[in-house]
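Following this message is one structure expressed as structure tokens.
First chain written, first letter: the chains are A, B, C and D, and each begins at residue 1.
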Amino acid sequence: MNLDLREYSVRTDLAVESKEIAETAHGGPVPGLNEQVEEQDGIKITRLDVTNEAASRQIGRVQGHYVTLEVPGLRNQDTELQEKVAAAFAKEFTAFLNKIGVGPGAKTLIVGLGNWNVTPDALGPLVVENVMVTRHYFELTPDQVAPGYREVSAIAPGVLGITGIESSEVVQGIVERTRPDLIIAIDALASRSLERVNTTIQVADIGIHPGSGIGNKRRGLTKEILGVPCIAIGVPTVCYASTIVNNVFDLMKSHFNDESDDGNAPTKQIMGMLNDLSESERLGLVKEVLEPLGHDLIVTPKEIDEFIEDVANVIASGLNISLHEAVTPDNVASYTH
Amino acid sequence: MNLDLREYSVRTDLAVESKEIAETAHGGPVPGLNEQVEEQDGIKITRLDVTNEAASRQIGRVQGHYVTLEVPGLRNQDTELQEKVAAAFAKEFTAFLNKIGVGPGAKTLIVGLGNWNVTPDALGPLVVENVMVTRHYFELTPDQVAPGYREVSAIAPGVLGITGIESSEVVQGIVERTRPDLIIAIDALASRSLERVNTTIQVADIGIHPGSGIGNKRRGLTKEILGVPCIAIGVPTVCYASTIVNNVFDLMKSHFNDESDDGNAPTKQIMGMLNDLSESERLGLVKEVLEPLGHDLIVTPKEIDEFIEDVANVIASGLNISLHEAVTPDNVASYTH
Amino acid sequence: MNLDLREYSVRTDLAVESKEIAETAHGGPVPGLNEQVEEQDGIKITRLDVTNEAASRQIGRVQGHYVTLEVPGLRNQDTELQEKVAAAFAKEFTAFLNKIGVGPGAKTLIVGLGNWNVTPDALGPLVVENVMVTRHYFELTPDQVAPGYREVSAIAPGVLGITGIESSEVVQGIVERTRPDLIIAIDALASRSLERVNTTIQVADIGIHPGSGIGNKRRGLTKEILGVPCIAIGVPTVCYASTIVNNVFDLMKSHFNDESDDGNAPTKQIMGMLNDLSESERLGLVKEVLEPLGHDLIVTPKEIDEFIEDVANVIASGLNISLHEAVTPDNVASYTH
Amino acid sequence: MNLDLREYSVRTDLAVESKEIAETAHGGPVPGLNEQVEEQDGIKITRLDVTNEAASRQIGRVQGHYVTLEVPGLRNQDTELQEKVAAAFAKEFTAFLNKIGVGPGAKTLIVGLGNWNVTPDALGPLVVENVMVTRHYFELTPDQVAPGYREVSAIAPGVLGITGIESSEVVQGIVERTRPDLIIAIDALASRSLERVNTTIQVADIGIHPGSGIGNKRRGLTKEILGVPCIAIGVPTVCYASTIVNNVFDLMKSHFNDESDDGNAPTKQIMGMLNDLSESERLGLVKEVLEPLGHDLIVTPKEIDEFIEDVANVIASGLNISLHEAVTPDNVASYTH
């Protein structure tokens, strides 16, 4: 389980979060970062391209294309909104496939990372259970497959603590035998911000990168390793206690700054030196205080059981619509379990 | 579901937490509060009696007897420790029954409050499923019941959002028909402190008190209402984001105070006015910042699936040992599911 | 658990099955039995009224109204068919309520009998989880309830082996406190025929009758006991091994009779005396052979997990449509969990 | 799902069942079949070696070693018996490994075949979740692994309907990357006899053989394909309706034969030609009658949820004891989840 925790910490940041930090540090837009933002129906879509090595270094993210859907309403168990998000996700995902040059006939392997016994880590396995697979029809009765479907397979490789085998090893073995043209890996992430937990979906063509911690021999799921494009879909489902605290410091700072304008006590006076620290210095401070006490727990909203099912369904529906021409927002319900 | 949240906020505090706050405010021991602390094998047991109305008012808790077991190791999935805690719980619970005058033959109804579909709220229903019930043997084949067993029944009344009926109404109906001599109600609590989540078990002879919010017509489970003693067993399984933040302020304060002694910057300088606020003022401040943004989520550790099963098993085993003479720490495993 | 088995044997027969047997025995239509059969879209609806005491005695069923929906296709996981069945069920159920004089404003308590840990016995609890409850809105904020909704509450009282309390006692207690005008009790049944398992839904205004076995002190859920009409909805989800065997004898008999017409060996020659026995004599014979060996197990199709979810959803959707004017076949999906 | 059914029919028979049939047909012991039977504590152990090609052909089973544990009491939820069976299984399994020349250091991959969403097919995945895996410790921190442990990994490859990939392809991929010395594959079987369902465990060194039906392209899990020994552990969890019927004919035949000795009507008279048919002719007859009606369902006892957990636990415990010297019947509970 210790190993699992480390895994979370590694896959932490959303690109949109990294960009915010980098811009604050840089004092303005970072060259080489192209961003496009769109908002409709309570769904905010951000398309972010990290186009060169310098930009990559500055935001600490691999070069590539990132799309983020932010939908605060996803926590409200609103079926209608969920259907809209699935349709919007499908549209973005199709555009994303075009952009990175994946053709409509590309055989696809969907990989659901994570542990089905740990609710906030069960996103990947849940998507695998809900997505439509077709590869066996193409293999066993190819002439009977109706047009409008693509060859799709799906696997939930389990976690190291249950299998004793790295997910990446399981996936590599399957890729070598089944030869897909595209990998889509779904994983639960940790967020820097409690408000993004269960409200944000990130798509990126950078695959899953291994942790860099000492002694971490894990291999990732990337184009370099697997030989085919690997798209990662991530949803933050947890965050560290320390990031919650840090969020609040931020919020307090802007809160008091706003109030100061009205003639109240200056923020500096209220928050002392905490006001002057950079975000990462402050986070370091909070971790310094919490960790020796074993208090820097990873937490998840108490409604996680419902949230995780809803977002897994949104992603599975969105993938079904995007991957198969024959599946549309109108008929997707009968394809998704 | 909104209603559920309110319920959590009402049942928030542990008595040991209330006492700490009261003593800080009062600047020393509160008259009328008798406390006895014992620690062994990583299990800290606190027996707290609120003996008069003045003490009750000062700590904001109903007069009565409170026993708390604090076991930080409960989060480590250590089977051996869990067995020790079950035995210790059983011993305390038996002593508690004696203290409040409940005899060994008292017919007992165990009530598991909460929602089995919401993992951190499923403690009560899980205990009900794991506890041994015997009432039907006493009813149907009384002459075949071996000595050493007590008449026990158990019910999980569900939550308002699923049944449309208050738990207390369901329980009252059952009490009127089955006439138990004792009610034991198990419930998940919210804690003021992340470190107590899933590590603390509280037993109290005060029953479950209804919330006092505007429009809250809920009736509680108390001796006054039910006519028989009602013991509440509570385990904090969630906490508010705001309490985590507040915990950290506390920890930072003592952290910097310690460092100040070594000649470093005084805490006041680092933390500004935050240093001078009382705990509840600070909590108010944090809530003021978080709530308008909808960020004061209720959270639970990501390992909640495992934790809740472990602690439900500890309580069910402890109750089985305590309620039935024939069940002992050595044979309890074959009685608990 | 033994007790549970007995319970199954008691609630065994569907009225349409009893009628078939009675007519075979009687050698033609039984006076006092009015039957109306309708078939559409793969759904066979039988409305059977047992109108007098003589008829009741002959078919061994309480006087009352019985409606049965038989849908062999329910086993095919066909979403579209399920929606049709829910709509047909709702229509029948509404007509049934009119027929027995239950008005549109009748406050309703839905009771889900059975054990949620035993998949084929989990029908009742699953319906309770999926049905829409409204009573708490009527109680807490009556002036905010939109028109088109009825006051509905729901409870899954658990089984004797887990609670130590008869379901009927739990329900009586709740009825006394919440005063509904109508009870709807959902229960899994045992069938005489494997082909009816998970394909048949029976509605009857006769409530749930207690077993009559020696020492069985169970009270039922009937109008006499509860003081308000009690409608039972039952779905066969299991059958005895012996009934499967008996079904096959029947099928063999007609199979060989058909073949005999073509000049083959007469059935008598093939099946010996088995050919001459009445159905119940044969069943007795099979039980005589199986029971001493402990082989008369109760069985369920291996796909029970999926079947039970599908049929629970059909019933919950049907009830939501029938009980609330504001819910229609078109919008029911957003009301049912 | 159709494909799944075919899979069941293929893996149907237990070797002990095949032997019975062969001996009946052969009219006595079959040369080349060595059998040893032992019975203790309600556990019947049969060790059967199919030693040559002729014997293999006669019983329709691959040459190899078969061990069967028959424990009717496994259905009684008797914890103590389960512990005894786990210990007996471990002892047999260790002897089995020795017999087939697998050394104590052999790196082992445990494969849990089947579908975790279909209760009677979830045996394999459940064993995988309960078994202790150690491979990651050997890989990541080899010098910290205590003596007494073997390198074990485990995978539940899922079923074709969910993954679109044959289990055997998934396993082959993993075997190629992780290079175990031994495969242990656990699978749910179909039995010829209802009484063996959930009471029998079979171990064989023949691996899992693919079906031979037309168009069945499935590859198996065998030494020939995988390059290392492959032990199959199977438990019958379902049987066909037709086999139940056939069992009853058998039982009736011996029942009436017994009675005939007492001077009653000869069996022939009662059962007609059914008395003269061989078992497989009769089964053919029953299938001929049932199949056109779609009635030859695969069924499972209604208590399958409990049974499958119990037997998965027995197997996982047995494997933990057998594979790791440090694990013993006395401490196994703390190693098995």
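Criterion: a residue touches a chain if its C-beta (ideal position, glycine included) is under 8 Å from a C-beta of that chain, and two chains touch if they have at least 3 such contacts.
Chain identities (UniProt): A, B, C, D = Germination protease.
Note that this is a predicted model, so its numbers are computed, not measured.
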Check your understanding: Which chain has its C-alpha centre farthest away from the C-alpha centre of subunit A (Germination protease)?
Key -> C
Point to revise | Of A-D and B-D, pair with higher C-beta contact tally | key: A-D
**Study point:** Distance between the centres, which are taken as Cα means, of subunit D (Germination protease) and subunit C (Germination protease), whole angstrom
**Key:** 36
**Study point:** Rounded Å distance between subunit B (Germination protease) and subunit D (Germination protease), as computed from the means of their C-alpha atoms
**Key:** 46
Point to revise | subunit A (Germination protease) and subunit D (Germination protease), separation of their C-alpha mean positions in angstrom | key: 41
**Study point:** subunit C (Germination protease) residues counted as touching two or more neighbouring chains
**Key:** 117
Check your understanding: Residues of subunit C (Germination protease) touching subunit B (Germination protease) in their complex?
Key -> 3, 117, 128-129, 133-136, 139-141, 151-158, 160-166, 169-170, 172-178, 215, 217
Check your understanding: Touching subunit B (Germination protease) in the complex: which residues of subunit A (Germination protease)?
Key -> 1, 8, 72, 117-121, 194-195, 197, 238, 241-242, 244-245, 247-248, 251-252, 255, 265, 268-275, 285-286, 288-290, 293-295, 297-306
Practice item. Flag every residue of subunit D (Germination protease) that touches subunit B (Germination protease) in the complex, lowest number first. Key: 79-80, 333-334
